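Here chain A shows up in two complexes: once beside chain B, once beside chain C.
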Partner chain A sequence: MDKLNIALNEDKTAFAPRETIHGTVQWNLTTNPRHLELSLFWYTAGKGTRDVGIVQTLRFDEPGAYGSKDFSFTLPDSPYSFSGKLISLIWALELTNSPGSETIRREITLSPTGQEIVLGTHP
Partner chain B sequence: MKARDNPFAVERVQAIRYRPLKTTFDEILARLHELNYRAAITGPEGSGKTTLLEDLGRAFRTKGIKPNLVFVNDTSRFDSPTCRRLLASLSRDQIALLDGADLIRRSDWSLLKRHTITHAYGLIITSHKRGLLPTLIECSTSPALLKNIVAALQPQSSLLTPEFLDSLYKRHQGNLRACLRELYDLYAQSDPL
Partner chain C sequence: MVGMDSRGRVDGDKAPSVAGRLGLSLFFLFFFALGSLFELFIVREFGRAVGQRAWRKVPVIGVVLIGGAVYQFLAIFTPRPTLELSCGTISLGGAAELRWRVTGRTSRMDEFTVTLRGVEEAKYRKGTSTYTDRNTFYEMELYRTSDATEIASGQVGFVLPQDTMHSFEAENNRILWSLDVHGRIRHWPDVKESFKVTVTPTAA
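Here is the complex of A and B:
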């Protein structure tokens, strides 16, 4: 196992608006962290400046050097995951430890169709 | 190609840090110490001035000196109220890092320059022109540097031949930012989404 891990129930990575994500975070570290933080957020990638929106953060205080914890997040209505030539909007879960520099990110898709909206594919 | 897959997307380009030519980062830090942490990074557009300034900010942070980084450009102006706010926020454990010093008004610059002598750990600026502060380094680029950066971004294409990159470099007169933006566009258009 990696030092940090985010497991999603049934390995599900595509979600509809307002759906709830269920999963488990796991950690196995050499020292005791003060806390772990799990964030649900979106960010943009592409030609322009990156934009980020943090939707919710869970903090696990004094979690010990190893262990696991279940979590759940309810997704908002929007923004949907999308991609065009100039910009993509990507949803992700990210787990970090503090103090420390370990980070693990798990991308997910938020879309009513279950797939990333691809811009410019329809006339 | 989707923006998220473009090898020249901003976040990937920004992950490439300053690559000194004919010197090392440690030598730059030593020179900065000699200049009492009051110095200018000069050079033309797209030569890495801002990247180096950010890298110096990180280096100071690891030494326990807080960087106070201010960007001045066409969309982020540095007017007199902004200048006063910056001056009020500075303390001896902070180093002021000003990107685009040649864009601020002369009177604000004089005030900032004077104030930071006693109220900050130091002042490092970027500027296209020399003379505002002693020059720490004059940033420059080369076709080889462009090729190194492109190689680090690992684009999967046979399009980017050395000849193509040489001509791109020449067309943008050594402005690496402009070169990388053109490569982004090239990749964005090259494949269907």
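Here is the complex of A and C:
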């Protein structure tokens, strides 16, 4: 197994606004971390300087060198995942250990349509 | 761009003001006068040869400055629009009614249009400068008329599309929606006002 892992129930990665994400974090490290942190956040990519919005963070203290824990997050109603000509907005879950530099990120989609909103260019 | 209040109304007075336009006219005139004085100084102090090189540039700059001053002064007398939405915010897929009133000499307007527009706006830095790029991803003409009565006041209902992005504002990246009013007036500055609209996610 990779040192850190985020598994989503039924491997579901697309969510509607206000839906709850259920999953399990798993870790297998060479040393005991003080804590693990699982964050739900969005970030922008593209032409503009990156913006980040951290929505919620779960902290697991003294988790031991290996193990697993279930988690759940209730998503807000916005912002939607979208991709435009200049800007994309991406939602993700990220697990990190402290101390240490291990990290794993899992991208998800928040949208009423089940897919990211695509913005074109009006001619 | 001017934002709508919680009642969905924006008065024309909150748009670029008469005082602002008068200030811009005086600003252009001031720099025209300054440039003219500078040219006179160059000719007198450094002789005709040097003055002639500067003198050739002054008419071009002077025309631009005078033109700017005249344009801003004329714009003071341009008709002013006020918009009122039936609600302060509109959800994706939601409907709204827009009313407008244009004060001033609307009989001079050849054509009046109201357009709903969605724009991506991305801010970034290159070296020490900051740039903002924009992309229009949605545009819908809500109303177009050449009738003076309809230009003076009117209303139109519209429905926002469902499958697009709501308003979003972060420090560097934004999705902005606006109602853009354009009134074409021959031989006069056009009416151009933009009113920010808040579009919320699809109602639950």
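We take it that the second predicted complex is superposed on the first by the 120 of 123 C-alpha atoms of A that agree within 3 Å, B and C clash if a C-alpha of one lies under 4 Å from a C-alpha of the other, contacts with A are read in each partner's own complex, and residues count from 1 in each chain.
Heads up, the rule we're going with is that a residue touches a chain if its C-beta (ideal position, glycine included) is under 8 Å from a C-beta of that chain, and two chains touch if they have at least 3 such contacts.
Quick caveat, the model's predicted, so the values are computed rather than measured.
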Exercise for the section: Mind checking the superposed model to see whether chain B and chain C fit together on chain A or clash? Expected result: fit
Handout entry: chain B versus chain C as contact partner of A:Leu40, first or second or both or neither
Key = neither
Fill in the blank from the handout: Reported in degrees to the nearest 10, the CA-centre angle with chain A in the middle and chain B, chain C at the ends is 60
Exercise for the section: Report for A:Arg50: first if it touches chain B alone, second if chain C alone, otherwise both or neither. Expected result: both
Practice task
Look at A:Ile108 in the shared chain and tell me whether it touches chain B only, chain C only, both, or neither; answer first, second, both or neither.
Solution key: neither
Practice task
For A:Pro17, decide between first (touching chain B), second (touching chain C), both and neither.
Solution key: second
Practice task
Once the structures are superposed on A, label A:Leu93 by its partner contacts, choosing first (chain B), second (chain C), both or neither.
Solution key: neither
Problem - Per-residue contact with chain A, leading partner among chain C and chain B - result: C
Exercise for the section: Report for A:Lys85: first if it touches chain B alone, second if chain C alone, otherwise both or neither. Expected result: both
Exercise for the section: If you've got the overlay open, could you tell me the nearest Cα approach between chain B and chain C in whole angstrom? Expected result: 5
Practice task
Go through chain A and flag every residue that touches chain B in one model and chain C in the other.
Solution key: 46-50, 84-87, 119-121
Completion exercise
Residue set of chain C touching chain A in the complex reads 118, 120-125, 133-139, 163-166, 168, 170-173, 175, 200-202, 204
Handout entry: List of chain A residues in touch with chain B within their complex
Key = 45-50, 83-88, 90, 118-121
Fill in the blank from the handout: Listed in rising order, the residues of chain A that touch chain C in the complex are 17-18, 44, 46-51, 53, 77-80, 82, 84-87, 89, 112-113, 117, 119-122
Problem - Residue numbers on chain B that touch chain A, as the complex places them - result: 1-4, 6, 9-11, 181, 184-185, 188-189, 193
